[in-house]
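After this come two complexes, each holding chain A, first together with chain B and then together with chain C.
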Partner chain A sequence: MAGFLFRRLLNYVVLIVVATSLAYMLAAGALNPRANYEGRNPPIPPAVIDARLTELNLNDRTPMFERYLTWAGGVVRGDFGKMVTGGSVNEDLARRIGVTLRLITIGLVLGSVTGVLVGAYAAVRQYGAFDRVSTGASFFVLAIPTVVLANMLIIAAVWVNGLLPQPIVYVSGEFSAGLTGGFWARAVDRIQHLILPTISLSLGLIAIYSRYQRNMMLDVLGADFIRTAMAKGLRRRTALIKHALRTALIPAVTYFAFTFGSLLVGTTFTEKIFGWHGMGEQLVNSIYTNDVNSVAAISCFAAFAVLVASLASDVLHAVLDPRVRVG
Partner chain B sequence: MSDPVLEVTGLDVTFGSGPGAVHAVRGVGYALHPGEVLGIVGESGSGKSVTSLAVMGLLPAHARVTGSVRLKGREILGAGEKRLTAFRGKTISMVFQDPLSALTPVYRVGDQIAEAVRIHQDVSRQAADRRAVELLDLVGIPNPAQRARAFPHEFSGGMRQRAVIAMAIANDPDVIICDEPTTALDVTIQAQVLEVLKTAQRETGAAIAMITHDLGVVAGFVDRVLVMYAGRPVETGPVDDIYYRPRMPYTIGLLGSVPRLDVGGRRRLVPIEGNPPSPDALPPGCPFAPRCPMVVPECDAAEPPLEPVGSGDRRAACIRAGEIEEGRTRPGEVYAPSGGGRAGRPAAPGAGAGERRLPAPRGERGTVLAVDDLIRHYPLMKGAVFKRRVGTVYAVDGIGFDIREGETLGLVGESGCGKTTTLMEILELARPQRGTITVLGRDTAAMTSRDRMAVRRDMQVVFQDPLASLDPRMTVHDILAEPLRTHGVGDPGPRVRELLLLVGLDQQHAARYPQDFSGGQRQRIGIARALALEPKLIVLDEPVSALDVSIQAGVINLLEDLKARLGLSYLFVAHDLSVVRHIADRIAVMYLGKIAEIGQVDRVYDTPMHPYTQALLSAIPLPDPEKERSRTRILLEGDLPSPAAPPSGCRFRTRCPKFRDVLSDGERERCVDEEPVIRVLDEDQGAACHYAEKIKVV
Partner chain C sequence: MSIADEEHAEELAGVGRIGTPSRLRVVAGRFFRSGQGRIGFALLTAMFLLAFAGPHLSKWGYTDKDFTAFLAPPSAEHWWGTLQTGADVYAVTLRGMQKSLIVGLLAAVVGTGLAAVVGAFAGYFLGWTDRTLMWVTDLLLVLPAFLILAIMSPLFAEGQWLLFVLMLALFLWMVTSKIVRSMTISLKEREFIHAARFMGVHPMKIIFRHVIPNLSSLLIVDATLNVSAAILTETSLSYFGFGIQPPDVSMGSLIADGARTAVYAPWTFWFCAGLLVVTVLAVNLVGDSLRDAFDPTAKRNR
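Here is the complex of A and B:
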């Protein structure tokens, strides 16, 4: 197991290096930070612009490879360079990563667990009311884009809030600025802010996972070993949970890494819409502002996160499925 | 007699409702007394497995079950889950057909057995684990304590079935239902598992209901037999009566259609004409009437009930059973050509067994296929991204045989012996890794693509699964016309009609699609297609193993007739040695990529020389209760070694009973060090064993 993990890790490091380097080159080639300074009134002298750009390691007059080396040298020391505004990418991202991870982790856990349960139950009651409703709902959710879904949620929330004496969910930001009160008051406030974006993230996941799990579960339900388990004298429920669900979970777990990646993309919209200052929001902003270093750093982080998720799913897979443990 | 432990009366199972409802089981009843073994015999679709699932209460919710099932006097049909779970696995337990999927893949074997113990007994986890190890030991798993910690995928099929049996006897049940427990296993493993079942029965004293399609498996094991047809019992009685004095035409037909391992000299099989009725379109009266050679108009009036015939505990559902009992019609005559019946297509087109011309001596006939020192090795790869070779699978490792004109060679062996690889190598018509393949006088290594085309015309193939090898979008006419057109025959029409006639199909069938036919008919289409270009050699890959016995007999007869009429040669690859005895002139027995024994069929069957052939033949159950009871089996131990790491010297030595029990240490050394080659010890019989000697085992 240790050897297996070590080899995996080594593979991943290589992959991250390649992915990040490519992302940097792409960003450095496609984005044009010089444009940020040109066409201003009064015009900034070119020498000043050059000096400023060179200071930020963004000068397109320096050969790209040289810029890349400078950048890479920094990255190896743990420094992702400077933003166009002059601030440190590291500091900015450090703050945002926390925001995004909180959102993603809660959304992912909520989404996959609920999705798996919904799917498993739908499979057990195949063609029953629950199965039909959940099937319809998942296709509905999958058919509408995240943006629309989030806005629908906001509209619904505003409407619900309007009916109540006091708002119960907030539609924008991470917390209410200037809130006074103790720890609990602040915690409640944060949760109230968290609800909507989390729901909007996990709805899609629930839809996907429930479909997926339903199919897996249906495969397993017809398997002989469920019959064996019941012939032993297990109740149907126990047999279904202990033998069927446990076996049908394995593919869902491998699916985990994949959804993690798509979720990183999903948060871009969610953060923008709900006014969360996370990585997704910054990615969009940094492309607007030709912020090569931020784009590269975020790509690096995304690659890292996806691979960590994939490692986690490999490990979980090995834990859940004895058949892959050999060798 | 004591009260029955399990009493089933008037059991009915219907799937679905309304006009589409399928009445799968109709009025099944039997009683199982303590310690008794009942064989429930039937072909596919006879409702035998559905019956047992209904008894266990394991049918899906959309099945409607009525009737009565009394376990130790208490009604359990329709009981609530609480009561059902209390007796399932404790009073009554079950062994399923497919051991590969019967165990949950993610739990250790020992834990799954311990789970069965803990459901019904209030014992600690450690005690349950200990009991699991004991049980594994009882069913003959070596190193049980260590193997209990293995996962199902680390067990071979035979070992998994042992584990399932261990689970079934964990709580000392009163009744064990075995649903085709050995069907998925190789014969030598089947013999082991049957032995384990006998042990299990001795240990627990349980009554066993043994469900099977194989009349051999139950012959030596059961006390009574229940024969099922079209969802209902058609005959029941003590085992000897059923086998020696059958009273119902279906039973008579079934027994007559089984190829016998113990009968040489080509007794012609007696197939039952037609196909079993589908459960949603039963004939009005006796469901067997459309196939019955004794049918009379009264048979269509009403379904005959299962009524006592003669003395003793015999029952048969046939209005003419009394006649057979009184001897007015002898069982042997029921299927005689004069037996009448409206299914009566002329028994077989062309020459029967009697008209067979005496062929020239073997040595004077030309060779159609010669294989010499053939090798096929596969690299064993590992790793996902960077594949590396970690070993070699010696799938076929130096074999040789030849087939003469008008001859059938049976290539037999258990799964993993290399027989299919051999067949594929021959069909490929390419240069082998080593050795030579000569088809119709031409060496495959030197063939041009034009030669290949010509040889393909003369060498045709028939596969096991008729449906998979026939294009579902083509009509039968198109399927048969295709090879003709490819090889430039102008108007295929007349030839297609001829072919259909040849294989015993109606000419009107030409416009239909393969899926409209039953398994046996499809296989006939496959044979007709192979015959289209008048080949000289036909390679048959398990051509009858997917068919029920009553259908299989017809196809075997057809193959024999065609051979006699058209002067064909067959390479017949199969795992069923009884079928091979019937059809082959010579036989080659493969083990782990090598030929263990080769020779004339009756010599090899009557007096096999290689210890493996002896074990193989002795493992096959005979449909003859008395012979079965008096036979002693040569049981092989363990499983087939991996073909990637064959034992040194003689490949069979790890399982060889002779090596284990008979030879001295000095003699053994030779088996370990020196690889035996085939020595011809008698006229046309050779074995690859240093200490080969003839033994009679059947």
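Here is the complex of A and C:
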């Protein structure tokens, strides 16, 4: 078992290294930081541009492999290099990582728990009104891209706020700047800012998980072991929750690793549209500003996050399925 | 009896077998019996008609600008109103839809084809081929598609949208290829594959003539669902300016423009957002019904 885990971890590390290097090479090849300095008025002398780009390790006159080695040498020591503005990528991302993780964690927990519950309930009451409505709604939600959903939420929020004497939800940023007041006032303010991004992030997850969980649950509900559990005297509710839901959760947990990547992308859109200063926003901005080092650092984070998610889904799988632990 | 005679006899016998329905007819029958399939198909046909025949009904082209009407509400002159630039919303939306549909279809077909070939090769040959191909699959699963496509966006400028389609397809095939691989492994042990192998048929021929056609139902369903995935990815990329580049338009770039003026000029946002949602919904409905139609054991529970 230890050997298996070790090999798996080693494979993950190799994947992260290759993925990040590939992202760096692509970014260094496709993005053009020189364009940031050219065409200015008054024009900057080429020698000055060269010196500045070399200082940032972004000079396209240096062979790409050499730039890669310089960058990789820094990364090994834990330094992701400098942004085009001259600041340290590490400091910038350290500030942003918390914002993104807060948003993802809240959206993920809310989305997956609600989705699983909705799907399980729909399966138990198959063909009932709830089942029909939730199936129809999830089909509809899955057809709406995150960028459209986020904008629809903003339009709706602006409309609702216009009807009320005082806005109840805010459409931009993480908190109001310069807000005075105690802990509660600040907490309420943060929640008002959090509502719309969370909905935009978790609605798609709820739709995916509810459909998936419903199908899994339907497969399990007809199984012999549920009949046995109820035959030996368990109440229906207990049998459904302890036996059916637990068994039906196993495939959903495996599915979790697959959806995590798309969740990261969804977070990017949500952050950018709602003006949260997280990793996702920085990703879009860094491509606009030809910031190669930031792009590479964010790809490293994304690859790492996807692999942690797949590791977590392995662990959850083992917790839920005794066969994995014993076998 | 020579081989030609045998074929002739089979042809003769075939005349008497007309009564047995073909697989296509069975699947089509099941597909159109479900309400979901009928609605999806009708919607999708309507969307295609609108996107490809619709532009001929209006006198405005997608590059035309009406300098007498900026941000005008829908009227007899401009059926769906105009944008801030004076462009006709009806014309540009349909142009964007054409682009999104073509990009989605092409990317889905290429992506599924890639999934079939990679999965079948890995599952059929196993060993090193399998390990290498599956490692590449894992690598692409780890790399966020949006990020890579966004980085490469400067390369898609100046009408290089076919390259964009290829890159989009490159990130659509991983999960399916894993399914194809595991199905190939079990298919490999079936008698007809054994027979072909012992007769000395070339492995390539076995893969393309026997393995992949036997997975066709999975692949058709997958290709359909990939169309909606590709359209969604394309829209999101174009929204941020990383996909289809101006002067060409796509649903994503139109939605990005519309969202800025949506509060006071709703027609700039809702027509193209609505059409996009309906298109993706129709594709998903068709894909879902196809899956049910191909799989006779599937529960008719929807």
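What we mean here is this: the second predicted complex is superposed on the first by the 317 of 327 C-alpha atoms of A that agree within 3 Å, B and C clash if a C-alpha of one lies under 4 Å from a C-alpha of the other, contacts with A are read in each partner's own complex, and residues count from 1 in each chain.
To be clear about the criterion, a contact is a pair of C-beta atoms (placed from the backbone, for glycine too) under 8 Å apart; a residue touches a chain by one contact, two chains touch by 3 or more.
None of these values were measured; they are calculated from a predicted model.
Engineer: Is A:243 in contact with chain B, with chain C, with both, or with neither (first, second, both, neither)?
Structural biologist: A:243 sits against chain B, while chain C stays out of touch.
Engineer: Touch test for A:64: chain B only (first), chain C only (second), both, or neither?
Structural biologist: Neither partner.
Engineer: Given the touch rule stated above, what does A:158 touch, chain B (first), chain C (second), both, or neither?
Structural biologist: Second partner only.
Engineer: Give one of first, second, both or neither to describe whether A:10 is in contact with chain B, with chain C, with both, or with none.
Structural biologist: neither
Engineer: Would you check which partner chain A:234 touches, where first means chain B only, second means chain C only, and both and neither mean what they say?
Structural biologist: first
Engineer: After lining up the shared chain so the two structures overlap, which partner does A:142 touch, if you call chain B first and chain C second: first, second, both or neither?
Structural biologist: In the superposed model, A:142 contacts chain C only, not chain B.
Engineer: Please tell me which partner, chain B or chain C, touches more residues of chain A.
Structural biologist: Of chain B and chain C, more residues of chain A lie in contact with C.
Engineer: Could you pull out which residues of chain A sit against chain B in one structure and against chain C in the other?
Structural biologist: No residue of chain A touches both chain B and chain C.
Engineer: What does chain A use to touch chain B in their complex?
Structural biologist: Interface residues on the chain A side: 11, 223-225, 227-236, 243, 246-247, 250, 320-323, 327.
Engineer: What part of chain C is in contact with chain A in the complex they form?
Structural biologist: For chain C paired with chain A, touching residues are 138-139, 141-148, 150-155, 175, 228, 232, 235-236, 239-240, 242, 252, 255-256, 259, 262-263, 269, 273, 276-278, 280-281, 284-285, 299, 301-302.
Engineer: Chain C touches which residues of chain A in the complex?
Structural biologist: Touching chain C from chain A are residues 15-16, 18-19, 22-23, 26-27, 30-32, 126-127, 135, 139-140, 142-148, 151-152, 154-155, 158-159, 218, 258, 261, 264-265, 268-269, 272, 283-284, 287, 295, 298-299, 302-303, 306-307.
Engineer: Any idea which chain B residues touch chain A in the complex?
Structural biologist: Touch list, chain B to chain A: 53, 56, 58, 81, 85-90, 93-94, 96-98, 101-108, 115-116, 119-120, 151, 153, 164, 167-168, 382, 385.
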